[in-house]
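Each of the next two complexes has chain A plus one more chain, namely chain B in the first and chain C in the second.
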Partner chain A sequence: MAMKALPLPTSPDGDVTDAVLTVTDLSVEFQTEHGRVRVLDGVDLQVPSGKTLGLVGESGSGKTVTSLAIMGLLDRRVGRISSGSIQFEGQDLAALDARQLRRIQGAKISMIFQEARRSLDPVFTIGDQIAESVRIHEGLSRREAWKRAIEMLQLVQIPDAERRAREYPHTFSGGMCQRVMLASALASRPSLLIADEPTTALDVTVQAQMLRLLRTLQEEMGLAILFITHDLGVVSEMCDRVAVMYAGQIVEEGDATQVFGHPRHPYTEGLIQSLPESAVARGRLAAIPGSVPPAHAWPQGCHFADRCRYAVDACRSGPIPLLSRDGSATRCIRADELSLAGVR
Partner chain B sequence: MTETPTTEVVTPAPESTLAADGTTTTRRSRSRVMRRLRRNRGAMIAAGFIALLILVAALGGLLPLPDPNKQDLVNRLSGPSGDHWLGTDSFGRDTLSRLVAATRVTLLAATEGLLVAVVLGVPLGLLAGYVGGATDAILSRIADGLLSLPGLVLALAIVGVAGPGLTNAMVAIGIVFAPRFYRVGRSAAQSVSHETYIEAVRADGVPTSRILLRHILPNSSGPLLVQASFAVGFIITAEASLSFLGLGVQVPDASWGSMVREGFAHVHESTFAIIPPAVMITLTVFAFSQLGDGLRDALGRDSRGS
Partner chain C sequence: MTDVLRLSGITKSFVTGRTLLGKPNSYFHAVRGVTLSVARGETVAVVGESGAGKSTVGRLALRLIEPDDGGIEFNGSDLRAASKEDLRRLRGRMRMIFQDPYSSLDPSMVVGDTVAEPLLVHTKMSAAERRAKVLDLLQRVGMDTHHMDRFPYEFSGGQLQRIAIARAITTDPDLIVCDEPVAALDMSIRAQVVNLLRDLQVERGMAYLFITHDLSLVRLIADRVVVMYAGQIVESATTEQLFAEPRHPYTRALLAAVPVPDPNRRKSQTAIPLAAVQGKPPAKGCSFAPRCPLATEECTVEAPPLAEVAGHDVACYHADHVPVAELSEGAPGTPHPRTELLDPH
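What follows is the complex of A and B.
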């Protein structure tokens, strides 16, 4: 499981050739009733090629906004990228217009969503939906595209694919819908898959099958995955590296085993301790007090300071940089003096 | 799982248990709508009446009836008789023949008006609802402006500029009705565009025009269909009004509206001639609104698929 430590995005002289996707200092602003509000604050991410980066955090931490920004799917009426770059295969996605993005969306970068059933258009057959994407991106004929759709359904292990391809989404279960989504996402052989909580809505056995399938396909296709979730159990199962997000910032980043075994940010510790599994060992379920503050009320200093039991005055005095060391990074000035509890 | 767990898998892969009930339920939602519609007796009678009208309009020429334009000035304004079941008009023309011929004219005119309204209103409505922003604001103000004018007055103005005639009248009526389709299309597209599957096709790099045509339109078709059914009724009334005023169909052709006009002109000599076309207008408008009601009820929450 332990990977070689990757160069961090925070070191500009670092070697980044190994990463499929490199997000640097990405900030996103939304137009709200509180005026222009920054909802992503200098996010740095690297998805290593053929590997999985887990992006974890509570609701409202900015995980989904990050994925939408990468995909160029931010609603232009309310949100815009105010700074930063999104390097993907030699192009800065943040600088592309809608037409150029469309050549990448679904072709080179694909996305699957939490609610697979609702991600499928109810008026089209499964086969048509998968075929649509390859027809657009690869210019395949109707017949070739249909053939590809069937192949993809077989690839995601849907039994009796030829017959099922002619059916409508409502005849599929949640787990099967997610497989269909995966088939559709991978049909154009993308190099990066963004999976936004793909297993959250599934029950546990189906979820395990889905994750296994995802890993198998990842190995077969050399796929890089940005796996967005709030489920730490899934992260430890799926991910090689993990980035923890809180209130629009990456607060900790590193090798998955390292981050969970020896967290270096109090928020990561809090997340680990609020796992029911850790309560079994401890006898009592710990929760992080309070909730993620809304974006317009983020403090000047450490965004987590108000909920952090280790916070000192210095935490609130000004912006905290993401400090990297030995292939991992933390946005906590007390990281070295604290000894935080990880997963046992 | 919050969805209906009809085929949820609990057993480990391969999830073959699913295959069993898959085929029978294909297109379930569509057949459910049809089933609900069939249970609605009023809507079914209305649909039958409309089907009959269409049949008469298509095949009326084959019926063993006198020439609708053949005058018989000796027998003018006669009441119903064995020779003329619905009597004759002020030129002695057979009212039943003219009514049959007018059915064709009226239905074609209604189709024309509906087509103009749909072609103008629906694409712009879908676009505005999906894209939003300035496009939506500008188009919606124009639609509101058109809606704020009394429909018949606007149609009169357009016909006044373009000149009388059935086609001009129907284009005018189409323009009057376009904002209604714009509004329905816009609100349907607005709610559909927030569905996850639209986000999913956007993430797939599908161009906007294709999203509108292939994904937004089919998923908005329910409310649009209901609106179309109601609109046909209104359009027939509007056509009758314009023809009554002499701005629609021109002599010697007949529409129900122009027949009412002729009957009205001679109402002091015979009260009967006005009745058959007026009854047809009433029944037809009633049938279309009844069908629209039935469609709306049948589509219900299913109007956007399962």
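What follows is the complex of A and C.
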């Protein structure tokens, strides 16, 4: 059985593309009432340059902790990186101190969140908030920064940008707030954008517009995106590659078309089959039994074994490595013998 | 088929502003003249985006809030004329399940008592009978009997929603209003709860008024679908009809915007971009007209009434004579063909 680190993503013609961000064996521990608990267990990720990697998982799977660790935003009182490296443009972010990190975060790596309105300051105008981030990260003058702010609002297709820049967040709808946050995130021309459930709170028609905008800007700016979501529909809409997380681990990684069409981990299969789209009209959904175990109760062997209909004794005997083959990877020892169902 | 619930021309506004003297001077018209019925054992889905008035319709249906105008009939009796005593009696036959079980269940009550409470109000069962029934119900929704004496904080969201469902079915209701019952649940848990709701309906024959924004779920569970926009019904049809051939431009846009979990069928590049919501809907004419790619002069003068078009009830002047394939993007009045819109996926 071939065992090696996660392969570099390959382009359709088979060439190895370069990754903007490479996370290797990242583990994070939280101090909890159950003592020191590992909430991220050896996560490997690569975000290819100019592409979108979707990070999919349920609540508690560790997808947000992964993004916070990359951004250096883990609350140091409760969480710390216990092992692993986060390579970004030749530097290991996990090894930098707070002052060094600040030069990268927000400038070279920016982030947008689900709650756009909450991330905007209600007492400053939209233009001021975007201009402020540009002045901090690029040292532009007040006038230049304001000009840039308006350019950014135009870039994210906010109509009447010059007037809107002088307005306050409460006059913006949820979808417009999300655009403002995106404008602010992109103002310093980052090479990596981390988008954590950016469309989850939006209505479906507004979500469609936001996704289209993200794709357009990605092409124009050559932006790499780490797209975190629980919504498989949004993932297939947005992402070139997909990493599926379950209970603190990446359980499958690969090309989006391949992961959806031919999943190689039973959890991925379970997620796809539990979608209403996979069921026949008026039929039952193929639910995954049980629920995600809490971090302090993760089993020794495969974290998914207790809910997996394909589990055998060997699955529970010890940690299961992420096995890679042909540009994709799975954390299932039976991947080769199982024939799992994807989207129809 | 007899109707469990009948809403006719129901209307509700909320006061959003008052003068210095406390006299209301601005209103939000949450529900404007909604007429719908739910037959015994049927599932009617109410869909629409946030602010469309779906949840208000659910609350009005059970008279949890008072309508300004219109009629509510439950099992043939006029709910608006019902006295407090009648209402209390009827409430055993109509129940509600909310989106967030963390806030809909009493945190200071063990779940056994939470589930038993409706029995205390609506039946004369003895304590022992109640206990037996609660055990039975908890097992039916997939919980263990020892969960009875635990508090809500000890459970996950999926388990709490099961408990909320157990509480809703204790009195064998005829109608359950489900307000986004699975929206807050994780993917793998969502399917379990949807299956439970479905199985219970098959077993007990109750009707659901299912309020949701999740159109892929609607296709699976609903017999009929009511699409709301800005407080009004814009289209209503059987689930098959609605998904096969949506008639209202808003329904088409909504269906076209749902992302499909299949990277080979991406549509973010093809779906119609609607114009952004511009504050309040217009005072006259069709509420959707400012965002509608098909809007004409006529639409801004008078609101189109709900009328039957090919088996759908549609409130649109263009529903019958505009070929579905010609629905377009871009400025009003400049249509160009976009056949992708026909595909509900």
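Quick notes on this structure:
Definition applied: the second predicted complex is superposed on the first by the 324 of 344 C-alpha atoms of A that agree within 3 Å, B and C clash if a C-alpha of one lies under 4 Å from a C-alpha of the other, contacts with A are read in each partner's own complex, and residues count from 1 in each chain.
Convention: a contact is a pair of C-beta atoms (placed from the backbone, for glycine too) under 8 Å apart; a residue touches a chain by one contact, two chains touch by 3 or more.
None of these values were measured; they are calculated from a predicted model.
Look at A:115: by the touch rule set out above, it reaches chain B but stays clear of chain C. When the two structures are aligned on the shared chain, A:176 is found in touch with chain B and with chain C.
Residue contacts after overlaying the shared chain place A:203 against chain B and chain C alike. Once the two complexes are overlaid on the shared chain, A:58 sits against chain C while remaining clear of chain B.
In the superposition on chain A, contact is made by A:160 with chain B only, not with chain C. In the superposed model, A:34 makes contact with neither chain B nor chain C. Shared-chain residue A:104: touches chain B; no touch with chain C. Contacts of A:211 after superposition on the shared chain: chain C is touched, whereas chain B is not.
Once the two complexes are overlaid on the shared chain, A:291 sits against chain C while remaining clear of chain B. Chain A residues in contact with chain B (one complex) as well as with chain C (other complex) are 159, 173, 175-176, 203, 205-206, 209. Note for the complex: chain C touches chain A at residues 49-50, 156, 158-159, 186-192, 194-195, 198-199, 213-217, 219-221, 239-240, 253-254, 256-269, 271, 273-274, 276-277, 345.
Of all the residues in chain B, the ones that touch chain A in their complex are 1-3, 5-10, 12-16, 18-19, 21-23, 25-29, 132-133, 195-207, 210, 214-215, 218-219, 304-306. Of all the residues in chain A, the ones that touch chain C in their complex are 58-59, 159, 173, 175-176, 203-209, 211-212, 215, 230-239, 256-257, 260-261, 270-272, 274-277, 279, 281-289, 291-292, 307, 343. Chain contact summary for the complex, chain A toward chain B: residues 71, 73, 77, 101-107, 110-111, 113, 115, 117-124, 132-133, 136-137, 157-160, 163-164, 166-176, 181, 184, 201-203, 205-206, 209.
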